[in-house]
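Note that the chains take the letters A, B, C and D in the order they are written out, and that residue 1 is the start of every chain.
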Amino acid sequence: MKRNEVITVGLLVFLVFILKFIIPKPVQLSYTVSMITIILLGLVFVYILIRTLQGRLIGRRVVFLLVGISLSLPFFMKLTLNIPVSPEVRSVYDALQKLPPGSKVLASFDYDPPSAPELQPMAVAFMKYAFDHGLKVIIMGLWPQGPQQADQAIQSAFKAEPSLKKKIKYGRDYVNLGFQAGNEFVILRMGESFKAMFPSDLNNTPYDSIPLLNNVSNFSNLDFCMNFSAGKPGTAEWVQIAVDRFKLPVAAGNTAVQAPMVYPYLNSHQLVGLLGGMSGGAAFEKLTKKPGKATTYILSQSFAHTVIVIFIIIGNIAYFSRKKENK
Amino acid sequence: MKFNNLFRFSVLFRFLLISSLLILLLLISSSVFGQDKPVVSDTLNYDSIITASKPLPPVDIQVKDEPGDAGGAINISWKPSPDEKNGKVKEYLILRSKSKSGPFKEAGNTTVGVTSYTDNKADIGVGFYYKVASLNFDKENGNYLWKSMGESEIYGPVKSTAQWFNVKRLNIFIGIIILCAAIIYFIFAAKSGKSFYIRKIAGIEEVENAVGRATEMGRAIYYIPGINDMDDVQTLASMTILGRVATFAAENDTRIDVPVSRSLVMVTAKEMVREAYSKVGRPDSFHEDQVRYITDDQFGYAAAIDGLFVREKPATIFMIGAFFAESLIIAETGNSIGAIQIAGTAMPAQLPFFVAACDYTLIGEELFAASAYLSREPKLLGSLKGQDFGKAVFLIAIIIGVILESFGIPFSKYFMAH
Amino acid sequence: MKREIPVAITFIVGTAYLIAYFIPHKPFNYFENWFNDWFAVIAAFAIWLGVLNLIKISTIKIFQKKPDWPYSVLIIISFVIIVFFGFYEGYKGLYAHPSYSFRDPGTSFDWLYVNVYTPLSATMFALLAFFVASASYRAFRARNFEATLLLLAAFFVMLGRVPVGDILTSWLPHQYQLSQWANWIMNVPNTAGQRAIMIGIALGLVSTSLRIILGLERSYLGND
Amino acid sequence: MGFWGQFGIWLAALLTIGIISFLYKDNFLYKACEAIFVGISAGYWFVVYYWDNLYKKFYLQVTNHDITTLERIIPWIGFVLGVMMLSRLSEKIGWLSRWPLAFIVGATAGLYMMIYFVSNAMAQVASTIIPVFVGDWATIIANFFIVAGTFCGLIYFFFSKEHKGAFGLASRVGIWFLMITFGASFGYTVMSRMSLMIGRIDFLFGAWLGLIK
């Protein structure tokens, strides 16, 4: 290790110490300070543009640092933004609104903690909505960590709205069937019988002694299915089997990487609606009037997208000006 | 007795008792207080509500064995009760019995707005009778304050049976048979020596130029075969293309380097490159270290390649195979040293980055088509032709279908009923 | 024998699935269920292979003192720790009253999962955020018409899906704002393009599956 | 939050920073974090597969006395196939592992063939066959573009005819549609990666340092 690096590490440790133990919390920048910060960031980019036009590209590490800064700063800013709502998010909301109280909804949690930043906000908003409107939720997971994520989502929903906790009873209003291995084969067999795939719930209560599941033997007894998915098995499998074979109405919440590939299913009405990535989650929170994590994150997300767009523009301006010179 | 349901009987009995009490009360009150509003206590109130809010049953009920299944399911469908409009129906109950005289037990329920129910607990070969009832109720804290039910006639008996063919899937059956037949036909046609035309693929057409450029500049060519093992079809296709690239390189006497991340890929790649050199009559120009194993680790591999690029500044870079997140790092560095880059992958998430950062990109199926084209293997050529046949059928169907549908003639349902 | 039996197995199993799709009558409807369970059990054994291989490579590295061998020690230690707690919690939970699962919140296995596995894998993927930025600046060029289209579509989608897009175009009537453009791109050209790709992939999959079931494709069986 | 809770957060923060440090350069902390990641994830899946597959789908089945003898015997076939998979470790009897492999390949081929043909081919073709000239202008344009885009995109992936004339034009239009599709994927991938990083920053600033609520 070089001397510089030792100093850097030392400084970092010192910074952490100050941030953790000395600075008063929570930290929040006022509106004016936020605006000044944004303008300063803009000036940095103008400087980068000029440098790049001169043919001196900035280093990789500077780019990394800039991205890090523009992702972190918005956490301390208090700006409210008008979140755009896409039609596919609205149709999820509309479909949920059409369900009368007492409808049985299957919620499949097919993701794990690494993709939770994108999907957990949607799941929490969905749970709040469902409990608020008297929908009966049957939870399951095709990914081993899914049911745990569902549990966390329910706890966050209760925390945000304590009135729900009194109203909602396990076994009557919702049930967590847990995880079952077998990917798409699980869906296939659930089409015949839920009980064969889930002989008991997460707490080892036998299927038959759960009141909510009394008249639920397979998909034909359900009114709706909501799927939160981060990959395979996930939305594509639910569409291919539950929708195409068993005619269950399915809506989905997807990570942004997956979302574009799911759009053909929307147009063909194989999928009722779609919440795509963080922006889908934020829009859903807006529609259900229950702001949560996604609404908080969307500011950072906006900064990040803008930074990428600016970088592409700067790079291309430089590319074309050099091309012209060469001619 | 017609009211075979105990529950209903008790309701009726209570109804009679209470309504007579009610009339008595009314009479007394009207005689005492004149024509004032009747005073009714809360508990008594419900029974008048029950009569007043009794919904009409649903109409047009049909009970059928579920078609195309393994048995055990009976489908009940109906038209909504006329009372659904005025909000008198909250739920539909499906009542079932093994004999016409009952007793009828609840087999399931649906929310209002739903017009069918599948009873999945119908044993095969047993005749069942069904009634559908509209239910109206009021609830407080999850407990029923009152319930009122309008029952339909009895339908049945219906037996569930297992079928030998799922008629609903006949169109799929015909479709898959036609497609498979076409593929098999073309594979055997290719095997018997028939040659098929394959269109030009931009990335492959450019291989010669790209190799030539490296020769002119006197620099090396790098070929990155992705990070998946030999069990991935993309890696297999990549090896075929490597054979072609290596042949050009050997002809021009330009050095080609193949850093790999899997030991099995190393063995195969070495074989391909060695063969290319001996094919053009320069077996001595081949050095073992041209194909080398770096590491299995994804980012470690990317970092190592990064270093190689910066140091050796190759003129031409091929990235063909299965790529994940490392694609970005490799393509960026390749771009920054000004190399010509030709990429190819079937990984949908990486394709956009390749298109944006490389000069030519083989998109998905093009990769496999290129490998079929270069290897001339009959089974690959035949499959490709068979798939094209499928595409042609779909393309024609789309044209005809869109025209027919635009004139109001249904066509899409032959492919899939929605 | 070494090749014929596997080819026969593939044929029988594959055909059984095809038949089960069209014929709901028993015994075909049972086959699917049996096969699914076997599939799960085989997958459990297959992971043994990967694990044993990993341990073998790491041990060789350690004993031959190859470069970076201490990291191999770390691999083995972390593997042993999580496996130990997985089995310990699993069997303890089995005989506990009320019984619980090895991955329930509060178990030591869950602790490792939440505090070690999750941050590591999430951050690994998050690293890409930085690489995308760097590549945006240095490599993504509108070098031809196709790449230009791609970058333009990306702009509309990236800005239109977050509030920034509408702020930038607040001077336009609502239906021409960036978020509406993003909607249109996602629902019209993106749908069309994805659909073409989807149909193509489906046809490719049918032909590959057919070759495998018919035994024309045997590369999965390896050489010799 | 007890000691283990606090310790967990500090450990998670250290590992997060360790991975991020790769951005500066490849260093020992990153390598250590990576080694831990390899070991932990292999162990994690090993344990999960043991309990979810081997224990649930085999042990519980064969020891279940509520089902028929035949149903108890059936899972053994899977078990035997699974054990054969391990034969791959030996050079001599390695060929035995081809049986379970053949089973897995056959099962996926059989299932996927139908699933993909139905949902990704037939259903998608069916939903492309729509009446184009119905509704308002916006709908007509959207429907037209969907039909034309799918059509031309398929032509681009048509390999057995030369792309000349009208056919070549259609294929060019097809590649434009594909490029817009890739652009959309590009945007969404960026969104996804950024979200993950935002999640990590939220953890560092929120749960660890407590700077934000």
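Throughout what follows, a contact is a pair of C-beta atoms (placed from the backbone, for glycine too) under 8 Å apart; a residue touches a chain by one contact, two chains touch by 3 or more.
All figures in this text were calculated on a predicted structure; none of them were measured in a lab.
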{"item": "Chain at maximum distance from chain A, centres defined as averaged CA atoms", "value": "B"}
{"item": "Euclidean distance of C-alpha centroids - chain B vs chain C, Å", "value": "15"}
{"item": "Length of the line joining the C-alpha centres of chain A and chain B, rounded to whole Å", "value": "21"}
{"item": "Inter-centroid spacing, chain D versus chain C (mean Cα positions, whole Å)", "value": "3"}
{"item": "Per-residue multi-chain contacts in chain C, two or more chains", "value": "21, 29, 39-40, 43, 101, 103, 113-114, 117-118, 121-122, 124-125, 127-130, 132, 134, 138-141, 143, 146-147, 150-151, 154-155, 158, 161, 186-187, 190-191, 194-195, 197-201, 203, 206, 208, 210, 220"}
{"item": "Junction residues of chain B, two or more chains touched", "value": "70, 172, 176, 179, 299, 348-349, 352-353, 355-356, 364-365, 390-391, 394, 416, 418"}
{"item": "Per-residue multi-chain contacts in chain A, two or more chains", "value": "64, 71, 114, 116-117, 144, 181, 185, 192, 244, 257, 260-261, 264, 267-270, 276-277, 279, 301, 304-305, 308"}
{"item": "Overall pattern in which the protein chains touch one another (line/ring/star/complete/other)", "value": "complete"}
{"item": "Contact footprint of chain A on chain D as seen in their complex", "value": "23-24, 48-49, 52-53, 56-57, 111, 115-116, 118-120, 123-124, 126-127, 146, 181, 184-185, 188-192, 194-202, 205, 208-213"}
{"item": "For the chain B and chain C complex, residues of the former touching the latter", "value": "68-71, 162-166, 169, 172-173, 176, 179-180, 183-184, 187, 231, 233, 236, 299, 325, 328-329, 331-332, 335-336, 348, 352-353, 355-357, 359, 364-365, 368, 379, 383, 386-387, 390-391, 394"}
{"item": "Contact footprint of chain B on chain D as seen in their complex", "value": "22, 26, 34, 38, 113-114, 117-118, 121-123, 125-134, 147, 150-151, 154-155, 157-163, 178-179, 182-183, 185-186, 189"}
{"item": "Parts of chain C lying in touch with chain A, wherever the complex brings them together", "value": "29, 32-33, 36, 39-40, 43, 98-99, 101, 103, 105, 110, 113-114, 117-118, 121-122, 125, 129-130, 132-134, 136-143, 151, 154-155, 158-167, 179, 182-183, 186-187, 190-191, 194-195, 198"}
{"item": "For the chain B and chain D complex, residues of the former touching the latter", "value": "171-172, 175-176, 179, 196-200, 297, 299-300, 303, 348-349, 351-353, 355-356, 363-366, 369, 384-385, 388, 390-392, 394-395, 397-399, 401-402, 405-406, 408, 411-413, 415-416, 418"}
